[in-house]
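Common to both upcoming complexes is chain A, partnered first by chain B, then by chain C.
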Partner chain A sequence: MTRYILKRLLMLIPVIIGVVFIVFTIERLSPNDPIRSVLGDMASQEEVDAMRNEMGLNDPFFVQFFNYAKGIVTKFDFGVSYVDRQPVVEMIKNRFPITLELAIFSTILAGLLGIPLGIISAVKQYSLLDNVCSVLALVFLAIPEFWLALMLIIVFSLHLKVLPASGWYGIRYMILPIIATGTGCVAGIMRTTRSNMLEVIRQDYIRTARAKGLKENVIIYKHALRNALIPVITLMGLQFGKELGGVFVIETIFAIPGIGKMLVDACSIKNIPVVQGGVIFIAVAFGIVNLIVDIVYGYIDPRIFASYKRKAKKR
Partner chain B sequence: MKKFICIMLTALMCISLTACGGSGTSGSTGNSSGSSESGTIHRDTLTVAIQREPKSLIPYESNDTGTDYTTSQVYETLIKYDDDLNMIPGLAESWEQVDDTHYRFHLRENVKFHNGDDFTADDVLYTFQQIVNSKAAASTMGPIDIENCKIEDNHTIVIALTKAYPAFLRLCTLPISSIVCKEAMEKDPEGYAKNPIGTGPFKFVEWVSGDHLTYSVNTDWWGGTINYDKLILRYIPEATTRAVEAESGGVDIAQIAVSDAQSVDSNNDVSLVTEQILNTTYLSFNCSIEPFNNVKVRQAISLAIDSDAIVKATYYGYANTAKSFMASSMWGYYDADSEYSGYNVEKAKELMKEAGYENGFSCSLVTYNNQSMAEMIQSYLAEIGITVTLNVTDFSNWLDQLVNGKQQLYIGGWTTASGDPSEAFDAMNSANFGSGGNRSFYSNSEADKLINTIDTSTDDNTRKTACVDLQKLLGDECVTVNMNDGVNFYAVSKSISNFKPSQTQRCDFTAITFAAK
Partner chain C sequence: MNEEKIKHKGPFAEFWHRLKKNKLSLVGLGILVFFIIIAIFADRIAPYGYAEQHLDKTFLLPCKEFLLGTDNLGRDIFSRIVYGSRVSLKIGFISILLAITAGGVLGCISGFYGGVAETIIMRIMDMMMAIPNVLMAIVIASVLGTGVSNLIIAIGISSIPSFARIVRASILSIRDLEYVEAARLSCCSDFRIISKHILPNIMAPVIVQATLSLGLAILSASGLSFLGLGVQAPIPEWGAMLAAGRSYMSSYWHLVVFPGCAIVLVVLGVNMFGDGLRDALDPRMKG
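After this line comes the complex of A and B, so read on.
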């Protein structure tokens, strides 16, 4: 197991190098002058040129890339924000926990809604309940999350005045952003649960369990669900990884100071170090989340680890 | 499996406990209130939703609205503006012009910085030394001759310029000229940048980047008493969210967009406050390329566009149509009422024919925040045969195009933060192409001559005459097709009085009083 984890971690290194190079290249190929955006339209060309020199932006491309990569490897230095000179690592450190909370709770919400809906749909296949659940899931999938976010704000903050419209200062502030983020994932989880449950409840061992007189609830939740959930957990893990980097719309609308909003603000003024640092961080985080999902997958389904051990013995 | 689920649930519970904690501000309006001895209501907190974060907490390090807005709570300038844009004492009680290039300031006594240090002429000289070396402020503050600036005593200083520059006094109202504490800055410049110290009505407490800034009231402020203890500026980039926060009581005051103005106006819990600002929005051209280097083409375009209708449609009646490149409340403003500023499609077609473009032409129009306006302009110009392709882009790309002369038509705006016509007409000076401010790449020797008079003449009448003549010339030349005078919109809780937004876009929160709920 340890070898497997180490191997996966080592495989992340070329991925990170590739991401760093691609992001670095794209930012420098972009036509606009980032320093002009940062200093504002009233800064003179001399002032812009002076800051470009100070930031090393007039150096050749590979010199800039080498210096940047060296900074990351030797000092874990992703540069400083062009705007307020704050180290990018500090910015990410301050904002990541907030995005992490949002991603975790919205994934849990998606699971809490999607899994029961999927089970109901599977158990009551082709019934009215099944159709209603499917329609609901499709509605959640079709609604753009930014629209849902604004509607939630208008209904719950403006008209009902029961929940705040923005910020991230406690449980009350988390409710609307979590709903807006989580409902989009419900459809995928529900449909995956449904199709896997349908497959599992047709298995012979389920028929055997019924023949032995076990209660239906026990059969569904103790025997069928465990096997059906394996791909669902994989899906939830991937959704979670996606949300770590993809909740920028929600964070902007709800003014949540997470990684997504940081990236939106940085992109709009071409704050290159922040964009680079943020994207690299998300790529790494996604890679690590995938690794964790694979490990969890192995624990849930012992056959996975058994197959690793068999392969290792054969070598 | 059960063990695994238990471990996961425990971990989730721990995370949720940290979430329950909730750091920083609750974002709600004043938590408790009481009456002072005089009967005015006193509250804990005033919360304001702002559109932009600062780029720096040091005033001369950045010249942008977000920084101005936030630093102007902590720092003060030598001179301020009253509601009618008249210069009034700030940290300078009085001033006089010694000669064309020297200004003497008599500084206010018994003023202290937030750390207890006395405010003296040393701090003023130090600040101007930093300004001269600052990438963001040096070119804005005019030709300061720092070597010949002289401290006469603890509260008197003479600022020297390298040449006559009558705009200088008005530039001393800009937030980038705010006075910093020399001793604190020299002792720990990095610490100062994170914990700024000024003489202003509010003391800096914290900046949670991406979220909010907190200030506590300076109870020793020379300017008077403030009716609350804490000021929170919450950064909410989404305009609708800011409006909803104000309407739902989440914040006391919010800067809002024009699209939310009508909704706020009809809400019983908040008032809509509008303030005309020192800014105009306009359609302009790249006058260095064909066909826009032809004055008849520009005049035709001006006549083909009904600016009144566009402004009414895009600002719902809350803004006036601009009659000049300058904001109408500025010193030196003149309504040129050019014959080309009306709406006359037939005359526009004749001018196009005279210019040799009877069949029209194709061009592009770039904008970053005025899509509705751009679409209306596109349909107006179609009537005289001009096919406009819209390029709605982000600010960075828009600015890049304008600075490098890649645009054909563009919608832009000009903000004259100092209120002085020199700053306004920088944008028409042929020495300032591109990054200097002249994004229309307009070149006219007569205009340059008038701009030079405005920049250097120390006689107000001569300057004013030059301003008038220049505005007449620009009106006839149609360098810009003026749209609207800039307006800022605020949603203000009805429990608040004496909120004073300023034409310079820096709001005064010190005079706010609260009604009993």
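After this line comes the complex of A and C, so read on.
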């Protein structure tokens, strides 16, 4: 198992190097001078030139890339923000906990609602509840989360005045953003749980369990659910990974100082070091979440671990 | 009724027959066609021009003269939504077309030839997939600058990897089948084998992926425009309309409700149609 995790972590390295290179290249393709865009039109050409020199933007492309990569590897230095010269690592460190909270809570919401609804829909297929849930899931998957956020603000903040519409200072501030990000995930998870449950409960071993005279609850929750959960866990992991990267629009609407808002702000003024650092951080987080998901598989379905061991022995 | 015709009409009729059984997907197709018609005839359907201002009639609630009310510059929201369908559908269709073409070529090369080309292409795709789609689109859009065509490029590029993967995987599954071997033995060129023998047989998953990606593309386009990284005023993009209406939504709800409904309706239609297509074209792919 440790070998497997180590191998996966090693496999992340080339991907990260590639991501650094891709982002670095894309950012250098910009037709406009980023320094000009950060300093504004009022700045004199001398100021712009001085800052370009300071940030090393006049060096050849590969020298810039090499210096950047060297900074990351040797000093864990992702450069400084063009705007206030704050180190990018510090910025990410300050903002990540907030994004993490949002991601954890909305994933929990999605799992707590989506999985039971999916199970019930599958068990009572074609019932009224199943039909209502399926239609609602389709509709919620089509709703852009930023529009849902606006509607929630109109109803709960502007008219009922029960919940705040911006900031991130405590539980009350979290409710609307969590609902706005989580609802789409609830729908996705519900649909995946339902379709997988439907597939599993038609299999022979479930019929065997019924024939043994087991209680329906035991059959569903102990025998069927474990096999049906694997794709659901994948989906939840994917969602969680995406949310770790910041829910760009939601964080912007609710003025939540997380990674997503940082990236959107940085993108709109071409604050390149922040964009680069943020994207690399997200890619790493995404990779690690995927690895954790694969490990969780093993605990839900022991056959997966067994097959790793067999492969390792063959070698 | 159609049973006899099916026997003579071949695969498309059979597919249509299966699709017809799925009521939801027909509704979805209907919604999609409805919006396509609106987009084509936008200038006839819309009572006003999309940039036409009525400065004495700002912030009107829905009424007879202005079906869905007017915005802060007195522009008719209904007309702007109608014209907006052109922008959203255009961005959605062209960006997916771009992604299919590029992803298809890359997928064909890596699936058909294998070897070094496959390794390089697929590793690059892995790297692109390590960055979430929306983030990729945001980064590319911010570098290219705002505008419809840049938005199309940004969304198109960020959806390339999923198509490259699907095409490659499908080609791998049929590359060594007998009929491909036979085509090779009869001295067909590689291009002919790929275009005449392989591509028609892997279209099903690609079409399904394309439909489902179309919904996502429309959502991303409106999201990016909402953030100010996409389509700019006065072009009536639904996401941009929401962003503009946001400042006034405390007193005028209609500015943000209707453009959002349009997005929901289109994406709902596309998704419902996509689900039906998936069931009709490829019963094994369930999700």
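Keep this in mind: the second predicted complex is superposed on the first by the 314 of 315 C-alpha atoms of A that agree within 3 Å, B and C clash if a C-alpha of one lies under 4 Å from a C-alpha of the other, contacts with A are read in each partner's own complex, and residues count from 1 in each chain.
What we mean here is this: a contact is a pair of C-beta atoms (placed from the backbone, for glycine too) under 8 Å apart; a residue touches a chain by one contact, two chains touch by 3 or more.
Note that this is a predicted model, so its numbers are computed, not measured.
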{"item": "Partner chain(s) touched by A:Lys261 [first = chain B, second = chain C, both, neither]", "value": "first"}
{"item": "First, second, both or neither for A:Phe248, with chain B first and chain C second", "value": "second"}
{"item": "Chain B versus chain C as contact partner of A:Val275, first or second or both or neither", "value": "second"}
{"item": "Partner chain(s) touched by A:Gln86 [first = chain B, second = chain C, both, neither]", "value": "first"}
{"item": "Chain B versus chain C as contact partner of A:Tyr169, first or second or both or neither", "value": "first"}
{"item": "Chain A: partner with more touched residues, chain B or chain C", "value": "B"}
{"item": "Touched partner set for A:Pro60, first chain B, second chain C, both or neither", "value": "neither"}
{"item": "Which superposed partner A:Glu47 touches (first chain B, second chain C, both, neither)", "value": "first"}
{"item": "First, second, both or neither for A:Gly213, with chain B first and chain C second", "value": "neither"}
{"item": "Contact residues common to both interfaces of chain A (with chain B and with chain C)", "value": "31-32, 150, 153-154, 158, 252-253, 264, 268, 270"}
{"item": "Residue ranges of chain B touching chain A (in the complex, touch as defined)", "value": "1, 4, 12, 15-16, 18-28, 53-56, 62-64, 135-136, 138-140, 193, 208-211, 234-238, 240-241, 244-245, 247-250, 394-397, 399-400, 402-403, 434-437"}
{"item": "Contact footprint of chain B on chain A as seen in their complex", "value": "31-34, 36-48, 50-51, 83-86, 91, 94-95, 97, 101, 104-105, 108, 150, 153-154, 157-158, 161, 164-171, 173-174, 226, 252-255, 257, 261-262, 264-265, 268-270, 299-300"}
{"item": "Complex contact set, residues of chain A against chain C", "value": "14-16, 18-19, 22-23, 26-27, 29-32, 138-139, 141-144, 146-147, 150-151, 153-154, 158, 191-192, 195, 199, 241-242, 245-246, 248-249, 252-253, 263-264, 267-268, 270, 275, 279, 282-283, 286-287"}
{"item": "Partner chain A, residues of chain C touching it in the complex", "value": "24, 123-124, 126-128, 130-132, 134-135, 138-145, 215, 219, 222-223, 226-229, 239, 242, 246, 249-250, 253, 256-257, 260, 263-265, 267-268, 271-272, 275, 286-287"}
